[in-house]
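By letter and in written order, the chains are A, B, C, D, E and F; residue numbering begins at 1 in each of them.
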């Protein structure tokens, strides 16, 4: 068997971008692809959830929420040690405490292609993990200042595109059930790899555009972006083991821990911490951590999970 | 069996919009979806038409044309009674005399999922019904004034996007025939529900944006938008029965009668009756009648048809 | 069996455009379709190439490169004879020496639907043929002038969208191999006809818009645009036979010879030979030669190949 | 004005923001009124007739610019006010610009 | 100014180019500051904060135009400079325009 | 000019509408000529070289705006006229604007 073509599409985009090729996808296509991915993940999760929901889930959800609080608290002191300013550190920490739905789509495809079982309600955890790190990041930067417009901010985050699509898909899946959702199945079966491949092509192009910013900000940021995924994965793996996830589920939670947001959090930070430099977090998250997870991280996290949970 | 996921997508869009979520589809995607729906409906109709065309069809087409003339003549006095101005009444009547291709796509999916037979040439009736109400509406507002630029107007209507796509699809289907069209089948089989679901998601978002206008224009308009579908459906059902349609066909004609245009007619009215307030008709058609038909009307119209045509 | 629906979509677009219908596809959809076509062709070619590559291929590639040099050298004197200016002649010659990926997609679909074998690596030839004619065209206009910024120009051509996508797809196909690419198969199986049909609908609309320019430039250009495909096809057929292609492969090389570029070359000419009138080449290539090849040429080239290579 | 400028000539720029559906009608008018050319871009906005956004068919605005003589600009402005202001979402304003190659405008 | 012009009135056009993410915030501000309307189009560009292109979520610019009185324009310009110039990619400039139906602005 | 305005400074806005294909070339030129920044939006239009619409690859226009000193604006205008007017669809015009934080331009 050859290379994973989905990953090759990412590499293709990356190389085309670094060569400064004219190649680009229309923005509407990129947006469509990310909508389809989020809906597919949510819908599939919802369909399965309806069949397997259990009381234990609530407890697991709480643990995952806690994980979202812990991750930025690990990232922040590390960034301060590397001598980033307080607000920049808080902002970057929020990005790494949150998750990347694109990375999640890749790990889903990977588990399916490797035929590894995972808990069907993982998409729920993606939605849960998006939020707490943002709150923690803001508090790290501002303290519990009364000036932060929490109300407006929480509206903006909860009603943001990615959470709406994930939760909307989940709910529709739960309400409609497996049989009724059948006609929409191509979304997460025959079409999923194709949508993901095109999405990763664009992600490669986007990642390549970070190279300029990366050269400017230098080694400190790169080292953080390469180190933090290991810490995030370790936390995810540990929590996954503690709450009794399967090997596949734990590896996925590790991947979520290792991933950094590049959609929801940048928008939130721009409004809540405008003085933070947005190109720092984007360069790290898109230019380093996303490629690292896609190309190297995911198989390692799976192996680690298999070693940690041999019986599962 | 659970809820119909396609309808749930509409509800999802509606709720997301009412919550003022950031969620929106790129305009190019919405346009693409409506192109695909119209082509699919037309193509499928054409393929079947080629196999089943009969002389009776011409006669049926004339009856449907007549129906398109009658509907605005029913709506207009009702609107005048509700004390809408003459031009506004004429414009709203034109909207309700014409049809909504989106509603038609939903009723097609519904009939297919319920396994109910319908005449394959129904898309032809959609194209026929789009036009006469516009003419009647203009005459109602202006009389047979010589000032109306009928020539330019009829070009604009006949060559409008939705009629072109429906008729183009029909013709291609007829000319190519079932076997040759085979490779395009996914358009109206595996892909159709997905395209429809995304389309309805956007329709939900669009419908939600009418809430502001609805609050302004008040109860009169809402009552009209809730009453008129029943009248339109009754007319459609009667004519369907008279021209000998099957139960499914009659229910679909009822749905067409009950539906109101929100694409072709608004554009035509804006140019032919610019002094009519466009937000009245859109608020009624998109904000009330479309949701009503999708969520409540269609199953009722089918039951009515089954009751009226027990033997068919 | 009826008409080819894919071709009917082109005719539909052509007629809708000539009738000045409102019908148009969103630009992002057109771009998406052409990206999908190029990727599909490349990927499919790459997958097969990995299984069947041979040393003979290198030699064939050189011959095809030579063909790309010859074609503009045939077109140029013909154009001068027809009294086109030197720079315009060079520019038009470059268009006709290069190839149209859209025409290639149609011939692929045609061969598949007629069940005719062709060499899987044909997409490679498309990429090879795109370039040399541009260089020859510039030299014909300018001589070997030092003023031409060859460096910048070659970057622009090699890294242009269509070559990147074709080669990117090819490489991914080769590296991943048949089995791994399996999940992406819908791209060049179930979805291919649909993507091509929509693409041709837009091509018909675009071609129709050339009618104004054609009326202005007159008969000389039209005759060239109708004559040159025969010459190009003859060259392609001859070279195809000489390098030992199958009947299908030779017919495809003939089609490539007969086709004229309307994407990569116009952009290159605009920058390298700005004083050439761009509407001449586009009107000829899009308004005449593309429709000619799609509607009439391809079946003829196939018949010619079958007659020339009876044993193959 | 700066002294170094020798060839630049004064012209008037008329900018119209209006419902997209008026496009083909307005362009015919502009031609008849003697506009030497025009530039259009998509827009959205808010005015006395409420919010107009382009995320849905026909509901957006367009922004038309014409560089022309003062006389033509005023003719255009008068025309659109007389014919469209009453029934359509629309604004229109003039400003002074300088061009080279004034024969073009 | 040309003599034939009788009804046109002077107003000020304020143009703001800024990060797209500021849109809803800025529009609320404009309303509070008394802008009678606004027109937005998508844009990209380069300035002191580097290149901003719209080919990716949230990374593009918008270009906002408001036709209003000089007073309101200056209020808006002062406000955006005070609140956004420090942390956001943004420029802002004023120019003179003439309008008909000056009551609208 | 209004008396209340104390900090605003005069600058020149140069607007170029041209074939989209010129974009990267022009942007390099602008940088060399000293433009402090630029804003681009997509456009379509009609001029002496016929109709240009963006519904198809490479056939649309772009609209470039640069706020800069009068001197730079004239340099840019002269440059594009000398290099591009003959062979490309293009127009170019200047207008007066006022900015705050004039050091930025």
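The criterion applied here is as follows: a contact is a pair of C-beta atoms (placed from the backbone, for glycine too) under 8 Å apart; a residue touches a chain by one contact, two chains touch by 3 or more.
Because the structure is predicted, anything quoted here is derived from the model rather than measured.
Novice: Out of curiosity, which chains are bumping into both chain E and chain F?
Specialist: Chains in contact with chain E as well as chain F: D.
Novice: Hey, which pair has more contacts between C-betas, C-F or A-C?
Specialist: When A-C is set beside C-F, the one with more contacts is A-C.
Novice: With chain centres set to the mean of the C-alpha atoms, which chain is at the far end from chain F?
Specialist: Of all chains, B has its centre farthest from that of chain F.
Novice: Using mean Cα positions as chain centres, tell me which chain lies farthest from chain D.
Specialist: If we average the C-alpha coordinates per chain, A ends up farthest from chain D.
Novice: Taking each chain's centre as its mean C-alpha position, how far apart are chain D and chain E in Å?
Specialist: 18
Novice: What whole-Å value do you get for the distance between chain A and chain E if each is reduced to the mean of its CA atoms?
Specialist: 36
Novice: Averaging over Cα atoms per chain, report the distance between chain B and chain E in Å.
Specialist: Result: the chain centres lie 41 Å from each other.
Novice: By residue number and range, which residues of chain B touch two or more other chains?
Specialist: 24, 26-28, 31, 190-191, in rising order.
Novice: Going by the contact rule already set, what residues in chain E reach two or more other chains?
Specialist: Residues 41-42, 95-96.
Novice: Kindly provide every pair of chains that touch.
Specialist: All touching pairs, sorted by chain label, are A-B, A-C, A-E, B-C, B-D, C-F, D-E, D-F, E-F.
Novice: For the complex, give me every residue of chain C touching chain F.
Specialist: Chain C reaches chain F through residues 24, 27, 30-31, 206, 263, 266-267, 270-271, 274-275, 279.
Novice: Which residues of chain D touch chain F in their complex?
Specialist: 2, 4-5, 8, 11, 13, 27, 36-42, 67, 95-101, 104
Novice: Which bits of chain B are touching chain A when the two form their complex?
Specialist: Going by the criterion above, the answer is residues 1-5, 8-9, 12, 16, 19-29, 113, 190-194, 197-198.
Novice: Mind listing the chain B positions that touch chain C in their complex?
Specialist: For chain B paired with chain C, touching residues are 26-28, 31-32, 35, 43, 50, 155-156, 159-161, 164-165, 168, 171-173, 175-177, 179-181, 183-184, 186-187, 190-191.
Novice: What part of chain D is in contact with chain B in the complex they form?
Specialist: Listed in rising order, the residues are 19, 21, 25, 50, 54-58, 86-88.
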